[in-house]
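In the two assemblies presented below, chain A is common to both, partnered first by chain B and then by chain C.
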Partner chain A sequence: MIAFSQYDITLLLQAMARTVVLSLGGGILGIAGAIILTALRLSEIRVMIPLRVLAVVYVQTIRRIPFIVTLYIVFFCTGMMGLDVSATVVAIGSIGLIAAAYLCEILHGGVKTVPVEQVEAALVLNLPLWARWRYVIGPQAMSAVVPPAVGYLVLFIKDTALASQIGVVELSQAGVILTNRGLPSTQVFCVVLLLYFAISYPLTCLSRLLEKRIAVH
Partner chain B sequence: MTRLDFRPVFAHLPFLLGGVGVTILIATLAFVFGLSLAVALAVLRFENQGAWRRLSRSYSTALTNTPQLSQIFAVFYCLPLMGLMVSPFLSVVIGMTLNAAAYLADILGAGMARVPPVYHEVALTLGLNRRQTYLRVILPYAGRAMFPALANHFQIMILGSAMASIFGVEDLTGRAYDIGSTTFRILEVMLVTGGLYALLSFALTGVFALFRRTMERMV
Partner chain C sequence: MPYIDVRDVCVRHGKNETLRHAGFEAERGDIVSFIGPSGSGKTTFLRTLIGLQPVWQGQMGVNGRIVDMAAPASARILREQAAIVFQQYGLFGHMSVLRNLTLAPTVVAKRSRREAEHEARALLERLGLADKADVLPADLSGGQKQRVAIARALMLRPALLLLDEPTSALDPHKVRDVGVLLRDLAQDGMTIIQVSHAMGVVSSLSDRIVLLEDGQVRAVGTGCGDAAQQPDIAAFMNTHGGDAATDPAGSRSDPEH
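Then we have the complex of A and B:
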């Protein structure tokens, strides 16, 4: 067994931190985007109709394009527009774009599970908009939204591996660098896969736990 | 901003469209092999209680919690160490097969758990042996019950096969990258490619819906 040198371990840990940053950043952007998209899809104001159609088209289309193609499009698009952004920012933005679409589907579906009578009752009680969401729709949609949403966050962690293709040194790229430096590839990839597992398995467990605790059956 | 120019892309469109075939081929091969492996894993889980069941479960847990890209990298770099010189195409298919088996085993397992107990009793009464029970009763039922999930995973695999381009395979994304590097119109190429994937995916949704309707009519 060839031991990893101090440099190798630092590289791996930094790369792992990068993977976590990409997942967290992308996840937060995705949640924000999903809330906006869902708000657009649920709005019943006449002027919003074109935006509503656009939101549906966006959600339906982007989920049918491979993440790596989305990543390339954002990468070269920002390049052509002359925007001075780092590859990490491009990767976080791209993960945000797809995460928003997937999470919007979950959020929209979850809100739709709340019985219409509940919303109507809240309207009759003259509850303001924020109170309707805070006390009536929110708590009831929660059980259909949170477990699958956490499950999907695991998916985005795995998508961050593709950021290596635009030059972000994250976990999978660190594995390739170390292999190319001559370290035994079996050991390198075992470590890389284990580190990914260490990030994503707790989330998988959390998703399962939440499903048992609060999901509707 | 530089103006978009799609003409060079359309000049290479036949080459790009050929990549769609390669993409479908990779996804289909990995799906078929993955499904065969998944049947074995799911039966292992269904038949046994102890170590075998844990082993099959651990396989799915391990491979669904790590990125497919790293798995393909591991196959790509580790198989030659074992003296197996395989082409990039085969490495990708093997990597995707191993990954797909993990997800498909979970799906099939869930489907097999849904088979009503009376089906098992009927199979027993008819005197079917184990193999016949699986092939004629349990697996067809699980397959039908889980058809939407299986079809959905095939779609995911079509998208996932884009990773083949990273290993130099000339699938749709690989060919797009080639055209991009010779025409310097990479953004336009990628936009067209994204559109082609979306079209392919919508077409597959239609095909699966049709297939399902025919299947239900036959039963």
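Then we have the complex of A and C:
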């Protein structure tokens, strides 16, 4: 059994916190972006057609590019533009860009599961837009959206490991640093594994809770 | 001036005109039936009357109030005076029957939930659904769903009730019940417009029959007896199974039996 020094534990906890920040920051950006993209894709206003096309092109393109490529593009573009931002911010931005595309597809699909007759019924009942979403479309779409969205976000927690490629010391990179310092790799990465689990498991629990709440309503 | 006066309604899909200068008139408390072959524009016409189908041109007068149906703001005005019952009902699957009925009155008309629920329960009782208030739509039969959809429409207290194939999913007993209900509503002063393929229902219920063909109004018959005498309508009804075997409301003069 290895004995972690105070430094090792601090490094692991800081790296864990950075992984949480990457996941949370990227996830929040992604959810916000996905809502905007989905709204654009669902818009039936004529003047919004160019933006709708752009949203579809964005989603279809981003989903076909590996995360590492997006990460490098954002990293080098910010450098070329002379923006003085940290690697962590670049990584959060990249995660947000990709998450927005994936979550948009999930959201869009969820909204489309609501039967057209119900959407039209809400319309002819003269419910305002907010009420149609609050009472009719949202609750029914959410039951189709929550499980795949949470599954995707859990996958993304794991993908944040790629942020190490631009110098972010996140959880898996901390594991590499510790093994390079001579600690036994198997045991170090077992601890890393447990820490990843500790981050993602609450999200899974939250998903179950949300699913139950949606089912009740 | 007629209570309902719809004129010159045109609907275009690209270069195709699915509705061409269609119109009709109806008095308060009339039951109007749109009939015609599949693809003749019946449902499209019905949907224009509640702003679900964009129109190229057309106007609708209700009790002297004229609405330009092509104007962007017309949909909301049309929906303030009309309600529709869809062929597939369109009940909100995640809400109880009671909440389906009270949603619009509480959110749109800002009525208190208590008052709306009281009215909804009374309406459900009238329609024989008193014990279904807390049930989800998925647990109802086709006939029950349809009556809930009608009840939801009635909660809006519309001047005009639109029904798309109201009896298509019902057995003969339920057809009769719905017929009696519609006749009662009409006698209370509600104008009803239905699309139907059931010629028995059409011939026994209708005050006016509008025959649509290829997006145009081919003929209009007034009154049950007169409608049958209008040659085009009589010919259509004969070839599409017009008989009174499924008379849903009994005779016109005796709606209770």
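The rule we apply is simple: the second predicted complex is superposed on the first by the 201 of 217 C-alpha atoms of A that agree within 3 Å, B and C clash if a C-alpha of one lies under 4 Å from a C-alpha of the other, contacts with A are read in each partner's own complex, and residues count from 1 in each chain.
In this text, contacts are C-beta pairs under 8 Å (C-beta built on N, C-alpha and C of every residue); 3 or more make two chains touch, one makes a residue touch a chain.
In this text, all values refer to a predicted model and were calculated from it rather than measured experimentally.
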**OP:** Please tell me, clash or fit, for chain B and chain C sharing chain A in the overlay.
**Re:** fit
**OP:** With the two complexes superposed on chain A, say which partner A:E117 touches: chain B (first), chain C (second), both, or neither.
**Re:** second
Original post:
Does chain B (first) or chain C (second) touch A:T38, or do both, or does neither?
Top reply: neither
**OP:** Have a look at where A:N126 lands relative to chain B and chain C in the superposition and call it first, second, both or neither.
**Re:** second
**OP:** Please name the chain, chain B or chain C, that touches the greater number of residues in chain A.
**Re:** B
**OP:** Return first, second, both or neither, reflecting whether A:S23 touches chain B, chain C, both chains, or no partner chain.
**Re:** neither
**OP:** Identify the partner contact of A:P139: answer first if only chain B is touched, second if only chain C is, both if each is, neither if none is.
**Re:** second
Original post:
Counting only touches as set out at the top, which of chain B and chain C does A:T88 meet: first, second, both, neither?
Top reply: neither
Original post:
Which of the two partners, first being chain B and second being chain C, lies in contact with A:S207: first, second, both, or neither?
Top reply: neither
Subject >> Least Cα gap, in Å, left between chain B and chain C after the two complexes are fitted on chain A >> reply: 26
**OP:** Could you pull out which chain A residues touch chain C in their complex?
**Re:** 115, 117-118, 120-128, 131, 135-136, 139-140, 143, 217
Original post:
Tell me, which parts of chain A touch chain B in their complex?
Top reply: 61, 64-70, 72-73, 76-77, 79-82, 154, 157-162, 164-165, 171-172, 175-176, 179, 184-186, 188-190, 192-193, 196-197, 200-201, 204
Original post:
Mind pulling up the chain C residues that touch chain A in the complex?
Top reply: 50-52, 76, 79-80, 82-84, 86, 88-95, 103-104, 107-108, 152, 156
**OP:** Mind listing the chain B positions that touch chain A in their complex?
**Re:** 1-2, 61-62, 64-71, 73-74, 77-78, 81, 155, 159-163, 165-166, 173, 176-177, 186-187, 190-191, 193-194, 197-198, 200-202
